[in-house]
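Should a chain be cited, it is by its letter among A, B, C and D, assigned in written order, with residues numbered from 1 in that chain.
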Amino acid sequence: MNLDSKQSLNRREFFSYITVGWVMFSASVGGLLSLCFRFTYPNVNFEPEMEFLAGAPTDYPSGVDERWKNLYGVWMVKQEGKLIALSNICTHLGCIPNWLPAELKFKCPCHGSGYYMSGINFEGPTPRPLERFKIGLQPDGKIKVDKTKVFRWEKGEWDSPDSFLEV
Amino acid sequence: MLRELFNKLSDPIISFPLVTIGFYLMLKHYKTFGSKKFAYWTVAILIPVTAWFLSDHNFFSIISTPDNIPIIILLVCVAFFTWFALHKAALNDTRIEEGLGPIEATPENREKVWSWPNLVYTELFAMIACTAFLVVWAIVFKAPLEESANPTWAPNPAKAPWYFLGLQEMLVYFDPWMAGVVLPGLIVAGLIAIPYIDTNPKGNGYFTLKERAMAITAFLYGWLVLWVYLIIVGVFLRGPNWTFYGPFEYWDFHKVVASFNVNLSEIIWIKTLGIGLPKNLVVREIFGIILSLAYIVIIPPWFAKATRVGRNLFKDVGAIRYYIFMFLILMTMSLPIKMILRWLFSLKYIVALPEWELNL
Amino acid sequence: MSENKEPAMAYSMPKLHKIMAILSFIFFVTTVWMFLDDYIKPWKAIQVESLQIKRRHIENDLKAAQKKIDSHKLQALNVSLAKGEEIVASRKKEIEKEEADLKAIRAKLKAQTIKNGIFNGDVSEKNFKYETAMVEENQKLSAKLLAELEVLKAGFEAGKDNLKLLQGQEKAVLTKIADLNKEVIGVQKEIKDTTTKINLLDLAKKQTDLSPIFAIRNLPLIDYLDPTIKIQKIVINNVTDDRYFRQVPKVDFCITCHTFIDQPGYEKEKQPFRTHPKLDLMVGMESKHPMKLTGCTSCHGGEGQRVTDFNSVAHMPDSEKQKEEWIKKYNWTEPHHIPSPMLKLSQTEAGCVKCHSDVQLLKGATVLNEGRMAIEKYGCYACHKIGTWAENRRKPGPSLLKIAGKVDKEWFKSWVWEPRSFNKHSKMPAFFRQSNNSKPEFVRYNMTEVNAIAEYVYDKSKPYVPNEKYRSGNAENGKKIISQVGCLGCHGVDGLEEQSDKVKAYAGPWLTGLGSKVQADWLVSWLKKPSHYQEDTIMPSMRLSDQEANDIATYLLSLRNKTFEALTFTGLDKAARDELLVDYNSAFDTHDSAVAKVAKMSDREKTLDLGKRSIGKYGCYSCHNLEGFDGFEGIGPNLTKEGSKPITQFGFGLQHQVPHERDAWITAHLQRPSRWDEGVDKVFKDLNKMPNFYMSEAEAKKITTVILGQTADVVPLAGLKRANSGEALYNEAMKVAGKYNCMGCHQIDGLRGDILKAYQDDINQGPPRLVNEGHRVQTDWLYHFFGNVQPIRPWLNIRMPSFNLSLEEKNKLIAGFQHGAGQKTFEEPEMEVDWQPGEKEGAQKLWNSYNCVSCHSIGFNKDTPLAPNLHLASKRLRPSWIRKWLSNPQAILPGTVMPSFFGEDGKTPTDPSVFEGNADKQIAALTKFVIELGKK
Amino acid sequence: MSGKGIAQKVRETQVWKSIFRHGPPDNSRNRAAVVAGNVFLHLHPIKLKKSGVQLGYTWCMGGLTFFIFLALTVTGLLLMFYYRPTAEYAYNDIVALREHIPLGIMREIHRWGAHAMVITVWIHMFRVFMTGSYKPPREFNWGVGVILLVLTLLLSFTGYLLPWDQLAIWAITVGSGMAKATPFLGNAGPGAMLARIGDFVMVSDKNDVRFQLLGGRFVGEPALLRFYILHCVFIPLVVGVLIAVHFWRVRKDGGISAPL
């Protein structure tokens, strides 16, 4: 074995140790940092639940159903083959409108904003229609309403398949 | 009547162009603006004007809101230091024209002095003065404290901290992803990039305007008009529902401003062409997309070829710097452009893709 | 080495690199280890398993659902769909034309919407300006603005009209298109309807796939995005954990592993996948305790916030066998540093008490109720305070105020010394001859104490002369009467063991050896009128005739206990008496002055003094009325918060075989309280004084459950079961009913009715079961009835006794029944009979066709009646109850002899000829008929 | 012994000499020694160009920013003794500081100081730009300065939530609402739609960048705690380190700026 090849062998050996050392070191530090990142997302979240199960679509008669109004702030409206979950917060200043069955409209007692059954505004100071919530069917046939996802008419979101249930 | 005039004038639609023009005049005639005489006259005029402003109940109540105090201090500081910087620059530029070089470079100012006590004492004085100032401020004005946090009821208007109100004002014209994320990110990136883009070796270490006219113009426009001015609008002139209210106007909850805005696609497809909107999203927005791309992609090379300023700049700084600089400038200018489009054409979005949360 | 060494280098670079490599490797391994340790959790495996179980269930459901679908029909639908598509295809051109129309209309619609939007904004703005100008009284401006506003408004109105027009057109075109497509749309909908269930199930099944996406979602590091395997929680704001500085809302993670606890259909799975066994009462969505509201550890105890493994939540095995099993299966260990481990399965009902604190007996809580009944039986509450439910009760033992008139002193002493030697069913516990006081010197003291107690009691006893004379009677007859009139509801009786054991009555003493105990005259007068001897006794009068009373007395006196009669009690040991007195007195004084003090007392004084002190020491006054002890508190510790007492505060003495658990201590203690003194050298006065009740392990365990339920847990008001005013009154009434042992005979709203167990052959021969009694009977009638009991069911042998109720108790009972049944105070029963035309005739017809008089014969014929006298019904029953009763008696009293004339639903009359077979009308008519009977 | 004599004696003790290595800075040697030998003063050079001490030239805004940072550190540290970052107590503690805690005015100083720091740091940047002091060799330090500016804003922003009043939570709601629109990382940002496979939503309000910032889907107690930690520990630490770098580079890149 001549000197040259010995040196190159040394170099290779040396190279591999330095590589192994630093690659492992960087990998470990990277791993620890990614664990720290993961640490910022808790496994259990204690925020109030924004979803609720609302029974079967057949539980609802045609028209406006007020059974979830007080508990979850939602009207279930069945109309023209669609079931929607309508927010009961007036889009004007946040009061809670009433459903007037005789006049087939929602009327806000605070400043008189009026909405059709569909949630579209047609009178009073309110700038935009009521909001709709995400509504979907679970495998067991129960409706699930998810209030975290809001659909706004003025954004053209009412055509989204998540914003209504075909019945 | 005068008050109503002021109310009208301060509407961004009018005040923004006014401020821009004022900015141009200020830089163009900076030597006049930077003179002591100008300063004295301005103060002399401003004192009674301010007194008259303060005599108005609505104005006073907005100004004296505790959380608005810092903005007033900021305003005074910015006004003074802008004048002061231009004053210094004017002095230096006059000297440079005379071939004397800047004041800071005179031998007596280059002389080395002991840190102790010269610097240390200067700092100590600043600290003492600052402490005294803070203590007085703290005693005179209580820190704001409103009613306890209530997640179910939002105050109207809900405002971000004052130093972010420029960004919140941008929300009127841009979607949050632009106004809240992309543009602030570009501001930071652009600021960091300044030393690497600005290759002008002159004006290193002394006040001057003439030797760095373009750099200072660009920076000051961003800083004074697009940042400080927007903060002022956001703090003082935006009331419930983010509606504009003049400085003397009562914040009437019911004030309505006609604002029905239309997308570019709607203008073209419906108003101009008279056919409905195409189903395909990209086809629908194709004009806006082409326009936006053209704005970013076509303008810089065209500018570099077609204009003298562009040619010189391109030659001076090289291609990469040039394109980065142009990109940043174009992004900066997108705000005033969007403002003007909104005011002139009630344009909502150039590219309206709410389906992808991608509105421009 | 030395050849390539650089100058100014302490180490060679290769060496540094080598060390770096080794350390980095170790660093890397530890990082990976930590990473895995954080990721791999037992509950994740359980959730994966539960997913597979769910999949199995879905597959079964799917099969069932597929079977249900008529495949022929589906095929036919598919065929007609294909046909429909052909038809529609032939209309292609028309449809295309309509769709082009639609597009044009929609374009216009959109344009109009924009226009209207602009108008709307302009109108609003102008309106605001106009209003402002009006307010500022700027007439000129406002007039100008008004004019502009009018123009804008007109434009807006026109725009709105146009919009509506366009919308109408759009609708029309849409209808047209739908019409053109109708063959397809209709069939598609039908197909969709028939396959909905299957589609949904398919979707659900898909969610249980162990697909790559499932893997990605649960991949380490990115399992925060949207994991399918995750900790499930219930936050219960209305029940708190006591963190001592603060009450913190409970959080339960139990459902992380008990995945199907609230879903029916998993009853047969192994744990932890099993459905809750009482879904209709607990956990279920429709139940009174839905999972999201009540949680798990609110009732079961344990550490709901822990998920690490089986042990961390403090699961507790119910038996040795289960313990072995768990050790093998889950590596179970005793929980440490956990103040309240889970309640063992058989003791779970202890958890009810936390919220249902005021009610006497809790429907559905069998173990708890039996425990409380045992506590009632042994009178634990007399010495111990046990929560609010046990407050203000009667003294469990008989009054000793006139004892000298009942038994003689010698009998008394022997009885106190060892009650079981006289009556092996005695409820009176044994204070003496226990494992801790059987040393000769202790026995000597104990006997002295018993002598002194007897002297004291008899000294204070008032004279008593019986008001009846015993005339002797027929013992056989007496025994029969005892077994029939209802004595067994409260007493067990020698010679009637079979029945007594069935009933397990406990309110009164087991009757044995009375011939060796009481005088005949006393017994007869006691039987005839118990309150003559003891004013506040709960023993009621059975309204016995002289003959009956004498027959019973004869039988009872024939019961004798010869061995007990032969016993004599050693007389008073004066030396021991003085020693004890000196001991008492030296507690606050030197020995010498105590001796001097005792020496100064007369002999009688000494005896009575020791008697009184001994009664105080053993707490006799807690159970028995005794003179000189008014206002004395019970001597036992307060058990109201016993269920939260730290385990370290329980003295286990040298009883190492008793497991160091709260419940084990209580059970052991109840069975033999003296055990804690065993092997411990104690002085006489420090001996454990809790007497021995000789209770069975089963009884002790039930009582343990009750005591465990007495926790210190603070439940926020919103979480407590708060009785409404009706329930509160009902609870009060049940307290009175408990005192007089009404439920020894009557089953009230499904609870107890002990004596009914002796009537298993024909439940209708027993005392009537009371269901919603406040609704059944009129309040006034009930009040009157308590004062003057009159037989309603003359064919029954068992008698409603006449109770010695105070006015207050009577009112409590009637008010409780009435409000518990939701009856209003001032509701006038509809006593006025107002016949509709033809109704009365119909009623008469029904009366005949249903043949009411065949049972309700009283007043109609001479047949033996089998049902109450209907002439009295109008005074006694509420009309609304009669209607309810008529419509379906079995629903109220299962097994009643009253037939259901209107089917199970109460809607299908067996005689449809009257009132067109309208059940409601028939029932109303019959009710009126019955009420009218009472008026005649 | 005269007063002077006593002073002389004291100066000759071992204790005095162990602390002060040199005489009073009234001559060149000692003036150099006092700056070089004192850990706090040695941030400064021993000598500097005269323009560097002229307020008209330097405006002293950087120095003031640092001083206010120190003042905020001290007052903030003291406020932490009374303030509890929980939804139940945060507001009450602030009220207590305002109403009855001795020297509760510290909160006012802290709050106004925070605003003042934002202003001074902006004007510092303004001055540095106007004198062209970012030009070589100071490009890197300008970058550090910009990051410090951003961190100053973040410090103020995170502190804004802590009083837990309406002003606080709604300002932070508006402010953090923008994070929701971050492209690809926020649930309402462009591109978030694309990050989903079936019902596996990779960017939603439960896992986006806003959730990370707030520890929840909206400004609630976890957000209060996170902002507290960021405000009191995390950002000050980073700022402290960067300030050290900033000062070091000021010295190394030619001292307080002056014409080259």
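Note that in this section a contact is a pair of C-beta atoms (placed from the backbone, for glycine too) under 8 Å apart; a residue touches a chain by one contact, two chains touch by 3 or more.
It should be emphasised that the depicted structure is a prediction, and the values quoted were computed from it without experimental measurement.
Peer 1: For which chain is the distance between its Cα centroid and the global protein Cα centroid smallest?
Peer 2: Going by the distance between chain centres and the overall C-alpha centre, it is A.
Peer 1: If I rank B-D and A-B by number of C-beta contact pairs, which comes first?
Peer 2: Result: the pair with more contacts is B-D.
Peer 1: In whole angstrom, how far does the Cα centroid of subunit B sit from the Cα centroid of subunit D?
Peer 2: Centre separation, subunit B to subunit D: 24 Å.
Peer 1: How many angstrom lie between the CA centroids of subunit A and subunit D, rounded to a whole number?
Peer 2: 37
Peer 1: Taking each chain's centre as its mean C-alpha position, how far apart are subunit A and subunit C in Å?
Peer 2: About 40 Å separates the centre of subunit A from that of subunit C.
Peer 1: Pull out every residue in subunit B that's touching 2 or more other chains.
Peer 2: In subunit B, the residues touching two or more other chains are 154, 254, 256, 355.
Peer 1: Which residues of subunit D are in contact with two or more other chains?
Peer 2: In subunit D, residues 206-207, 218, 220 touch at least two other chains, as defined above.
Peer 1: Return the residues of subunit A touching two or more other chains; collapse runs of consecutive numbers into ranges.
Peer 2: 41, 46, 125
Peer 1: Give every residue of subunit B touching subunit C within the complex, in rising order.
Peer 2: Within the complex, subunit B touches subunit C at residues 252, 254-260, 262, 266, 269-271, 274-277, 346.
Peer 1: Please name which positions on subunit A make contact with subunit C in the complex.
Peer 2: 10, 13-14, 17-18, 20-25, 27-28, 31-32, 34-35, 38, 41, 43-44, 46, 125, 137-141
Peer 1: Going by the contact rule set out above, which residues of subunit C touch subunit D in the complex?
Peer 2: 207, 213, 216-217, 224-226
Peer 1: Name, in rising order, each residue of subunit D that touches subunit B in their complex.
Peer 2: 25, 28, 31-32, 34-35, 41, 44-57, 59-60, 63-64, 67-68, 71, 87, 91, 94-95, 98, 105, 107-109, 111-113, 115-116, 118-119, 122-123, 125-127, 129-136, 138-139, 142-143, 146-147, 149-150, 153, 156-157, 160, 163-171, 173-175, 177-183, 186, 188-193, 218-220, 257-260
Peer 1: Per the contact definition, I'd like the list of subunit A residues that touch subunit B in the complex.
Peer 2: Residues in contact with subunit B: 93-94, 125, 127, 155-157.
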